[in-house]
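For clarity, chains are labelled A, B, C and D in written order, and residue numbers in each chain start from 1.
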Amino acid sequence: MAWELGSQIGRAGWVLLTGGRNQGVMDAASRGAKSAGGLTVGILPGSDRHAMSAAVDIPIVTGMGNARNAINILSGDVVVACGMGAGTVSEVALALKANKSVILLNCDDKACTFFQNLGGEQVFVATDVTKAIARISQLLQVD
Amino acid sequence: MAWELGSQIGRAGWVLLTGGRNQGVMDAASRGAKSAGGLTVGILPGSDRHAMSAAVDIPIVTGMGNARNAINILSGDVVVACGMGAGTVSEVALALKANKSVILLNCDDKACTFFQNLGGEQVFVATDVTKAIARISQLLQVD
Amino acid sequence: MAWELGSQIGRAGWVLLTGGRNQGVMDAASRGAKSAGGLTVGILPGSDRHAMSAAVDIPIVTGMGNARNAINILSGDVVVACGMGAGTVSEVALALKANKSVILLNCDDKACTFFQNLGGEQVFVATDVTKAIARISQLLQVD
Amino acid sequence: MAWELGSQIGRAGWVLLTGGRNQGVMDAASRGAKSAGGLTVGILPGSDRHAMSAAVDIPIVTGMGNARNAINILSGDVVVACGMGAGTVSEVALALKANKSVILLNCDDKACTFFQNLGGEQVFVATDVTKAIARISQLLQVD
């Protein structure tokens, strides 16, 4: 699903920004974006390019560990969370704190409800990639 | 409840570390700790001491906004969350990511369940301040 | 000189990364790079895109003030300092600390000497843009 | 000299804040302060307390490498540089950028001149610890 999301982001001509590592959702989304000719940015936690996804075009090396999550969400126009590991939860929460719009993709009922209670109108639950992409389009037009 | 928690932390001779601002849980906990003769550290988001709680002894001025949440949780031996605003949610998530023990105080059922699912054994739900303090004691001894 | 440097970086097909603001060397270099069809990244100090150079393609919004200088130097393959304000001095020093190669362009004798004493072989003094570009080429080939 | 500086800071009842590691100037100053009964804060670069000076009372764990230098200088009322490694140079420059007063202790002529040119009135050169302490007293009274 992350790969498909990245792919459709790339096809739309948007820049994909992720945490930049060579694993999980970050890597799949970046590879998806590259497959569609998109441009990818990776905000890396380490102090060099170690463990970077091969599908990242522009590595930003922060040397700040998970404090870089705050940069991830401030830098994006829209935040899409795919899955719900602890790192992702911190990013969704930081995004809500920063008044960013958040799209939750592939979250279970309890996680969706938790964040909808926390963020109200800022949170949109997308049941598939196409609905997430439609929501991004809508948000970018409003801005 | 935050004031009472701070007070008992101060009485125990532990250092209280908060986000340092003059509002909400941070301020109440810091004032509680000072009332009991404790030492308080405040990790401030701004680039000066503007809006600092008057009950902070040692201000750490980060100039990093909510990225300072990552410092809050790395610096503590134990993380206690009191209430569940977006900033607190980000800190609990970052704490779990960093393998820290987290105590949830004053969380509603859904928030408690959400984080227990996410963090398993790392998460302890305390129904009152006394139980939170007992858990901190236990964790500090194990370390 | 910053404009010319950016222009030659863009022409070489390299990505230009600066502090991203709409003033001074950052802005001039970014505009130079765009004039040559280059790609520009701006690591912004603020928590939004306020005061961003119009010539930045990819804004990274850090919300970290001058702590973002550490990201600037870790993210680059080569660091070029053009002029010597306090922000630039901090970046050159952080670059030396991180074992990065630094090229000093347009520095007065005392500043050049100071940094050559501090950084030894890591520091290269370029008397004009062409020599700086030649040095970058050389460093990128060695890597 | 760092030990003596820390010792006199501790004796004056001021809080000593350093980079917190168990080496060089940071460690010597912290040990000096403890010898005089002072309170010491250490802003650590790593993501745990590894390599912390044993003379640090309050460790702040940033996980941010040398980006933590920006926190060091924002948190202090006065910045004292003792010696001139690359890390220290970055801190003096960041301090000047943040409009902090800086005292240079134990710098050679060229380094002193370089920073006096850069910072003007913000920079005070102290030829010994007693003069540095006198200058700190003066600056704290003005505030």
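Of note:
Just so we're on the same page, contacts are C-beta pairs under 8 Å (C-beta built on N, C-alpha and C of every residue); 3 or more make two chains touch, one makes a residue touch a chain.
These numbers come from a predicted model, not from an experiment.
In this structure chain C contacts its sequence twin chain D using mostly the same residue numbers, the overlap exceeding half. Using the mean of the Cα atoms as each chain's centre, the chain most removed from chain D is A.
Annotation: 28 Å between the Cα-based centres of chain C and chain D.
Separating the centre of chain A from that of chain D, both taken as means of CA atoms, is a distance of 39 Å.
Chain D has residues 47, 62-67, 70-71, 98 in contact with two or more other chains. Residues 64-71, 84-87, 89-91, 93-94, 96-98, 110-111, 113-114, 117-119 of chain A touch chain B in their complex. For chain D in complex with chain A, the touching residues are 47, 62-67. Interface of chain C with chain A (complex): residues 15, 39, 41, 43, 47-48, 58-64, 70-71, 74-75, 98.
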